[in-house]
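A, B, C, D, E and F are the chain letters, set down in written order, and residue numbers restart from 1 in every chain.
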Amino acid sequence: MYSVQVRSHIMIAHSLPGEFFGPAARKHGATYVIDAELRRAELDSHNVVIDIGLALRLLGEIAESLSYHDLDDDPRFAGKLTTTEFLARFVHDELRERLGEAFDGTIRITLHESHVASASYEGGR
Amino acid sequence: MYSVQVRSHIMIAHSLPGEFFGPAARKHGATYVIDAELRRAELDSHNVVIDIGLALRLLGEIAESLSYHDLDDDPRFAGKLTTTEFLARFVHDELRERLGEAFDGTIRITLHESHVASASYEGGR
Amino acid sequence: MYSVQVRSHIMIAHSLPGEFFGPAARKHGATYVIDAELRRAELDSHNVVIDIGLALRLLGEIAESLSYHDLDDDPRFAGKLTTTEFLARFVHDELRERLGEAFDGTIRITLHESHVASASYEGGR
Amino acid sequence: MYSVQVRSHIMIAHSLPGEFFGPAARKHGATYVIDAELRRAELDSHNVVIDIGLALRLLGEIAESLSYHDLDDDPRFAGKLTTTEFLARFVHDELRERLGEAFDGTIRITLHESHVASASYEGGR
Amino acid sequence: MYSVQVRSHIMIAHSLPGEFFGPAARKHGATYVIDAELRRAELDSHNVVIDIGLALRLLGEIAESLSYHDLDDDPRFAGKLTTTEFLARFVHDELRERLGEAFDGTIRITLHESHVASASYEGGR
Amino acid sequence: MYSVQVRSHIMIAHSLPGEFFGPAARKHGATYVIDAELRRAELDSHNVVIDIGLALRLLGEIAESLSYHDLDDDPRFAGKLTTTEFLARFVHDELRERLGEAFDGTIRITLHESHVASASYEGGR
């Protein structure tokens, strides 16, 4: 099994309404350092899992579509609890869709929210 | 598959008797930076893998029960070789027990003993 | 010259009004991992720069007073541009004041806003 | 499942001929920080996955055989595209062979080529 | 004293002729993760040390002018020993020149060549 | 001003007697990741601050003389409080002495005791 991992980041505001989330129910924000790991059983004819330039460009586009936004006002997330886990899944789905036929393996997205906490979503095609 | 990861650390003394361990047979010590990764197939109704505050609190309690101890004098480890692998398993079992019904997924514990070495234990319920 | 460094973090929302800041003029947020370095020429009678437990507690109190806040709505920052540099200075001044007579050396505060950018403020008494 | 992870690094020159690789078709180089993770279902009688000293020594020998080389002139890689993925597999195979009977578990090799990109190969016996 | 720090990286080939450098006399290569720290006594009217976007863009341009090059064949370095220290100074001078009137403070450039070694150059105007 | 930085680590046991140190008065231990930064105003004829191989070898010798020891039983530290600050000074003095005429600049030693705390000593000749 081979994999490549690339990194980007976003800076967003949001709130997590509900008693469950304690102080995070208030409007606050986060830097999410995003790691995207792409896994496949075999390399292609160029000896790579994927064109790393393509992976970086697509992850960068997704980051740009999220960064410097207040997710509470973003129609994509209306009525959603934008937890770190949820956002990891969102980035996964966006990357999967943008890659399309270019990648048919497993994708694991990790969002580091601080030096002591992170969340991931991993999905196969 | 979703996961969350939280971090804590302990500072302990111990020795690893036996020729096999070379200089580590002498009384020495370690800082173990502990990563606990909790994995589940689905999110709960709050869009989380687990209440991250609960995970942090329980990992912190386990860390406190170990830190600033000489494991050679700790009855919990009498007659045991407290290798990094063994301690990763110990933290896993402690966290599993303290979580109880609150978490039924996979737990992976990693103990980083320096910038060049670590060990992990991963177990399902 | 001796120093000790301790780490905490905050998660905040804010905006930086003005064309100068580009997309950061919009409401967004950040995780700031905060390093506080305290420097003195000599150690005290306990062979330390400062009681590290005190330093951690005070930095934690400052972090708690900022974290999970929207700085745009915080009276402490009314009419201020809450850039990373400005916030580094704010944390410095707060830590200096809370330390009071307990520390008379140099304090350097660094706020890491991502894996590729940070800002610092350093001041002597 | 238990694992141990050890780290080493190499500094090499190479080129990746072909339009596909863009500027990397030119002679350039890389520091690869190498993580070797060794995984087994059970610990041995010493409560370890493997003699960590042996793992470090063997990984160090492989690193020494690669470091400060121009891979384009290395007969081991004649006619090969020495991508990060390919090199991760090469290190895996070398470590597997050198370990021989001493380790029968899974080995995962990760080569970090910068603070934003890495590649891995993972194989079982 | 305030500072901001931004990060980029380059991947280059080179050799360091002479017995002094041991195996590094051979053609090899390195990833240099580059940190540029810019320091000034006071903030400007935007509460920043410098337009961080400008600093990132200029550091990126310098990185692009070096990355994927064999420094042994680069006329800018003819007859020079391109040690990490030397390259830190080179990046400093390039950044100083490109910033021009936009920055009159101290610049410190650090090149990390691995997880265990780095070199820096720091200069005032 | 130029500098080079190299890294090593030690794993030791010790205790810090006295009410002041709270739970650290008990026998415990630490991994100290050690960074040695060597600074000089000018490079030598090889375009380096110092032979980095020499710096690594000497720092490694000092690490070996400390690692896997119980500092409470080490005659070098009889009657001393082996705080992180104190040990940073000790490593500085050892490195200064071993370098002798080979280095006449400033040396800064940092001991990282966890992911959230470190201490340094810096001295000129």
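Methods note: contacts are C-beta pairs under 8 Å (C-beta built on N, C-alpha and C of every residue); 3 or more make two chains touch, one makes a residue touch a chain.
Keep in mind the model is a prediction, meaning the values are calculated, not measured.
Novice: Along the graph of touching chains, what's the shortest path length in steps from subunit B to subunit F?
Specialist: 1
Novice: Counting one step for each move to a touching chain, how far apart are subunit D and subunit F?
Specialist: 2
Novice: If you match contact pairs by residue number, which of E-F, D-E or A-D shares over half of them with B-F?
Specialist: The B-F interface is reproduced by D-E.
Novice: Tell me, please, which chain's centre (mean of its C-alpha atoms) is farthest from the centre of subunit C?
Specialist: The chain lying farthest from subunit C is D.
Novice: Taking the mean of the C-alpha atoms as each chain's centre, how many Å separate subunit A from subunit B?
Specialist: Each chain's C-alpha centroid was found; their separation is 27 Å.
Novice: At what distance in angstrom does the C-alpha mean of subunit C lie from that of subunit B?
Specialist: 31
Novice: Could you list the positions in subunit E whose residues touch two or more of the other chains?
Specialist: In subunit E, residues 7, 115-116 touch at least two other chains, as defined above.
Novice: Tell me, which parts of subunit A touch subunit D in their complex?
Specialist: 1-8, 43, 46-49, 51-53, 56
Novice: How about subunit D: which of its residues touch subunit E in the complex?
Specialist: Contacts found on subunit D: 7, 9, 11-14, 23-24, 26-33, 67-70, 73, 113-116.
Novice: What part of subunit E is in contact with subunit F in the complex they form?
Specialist: Of all residues in subunit E, those touching subunit F are 18, 20-22, 80-86, 88-89, 115-123.
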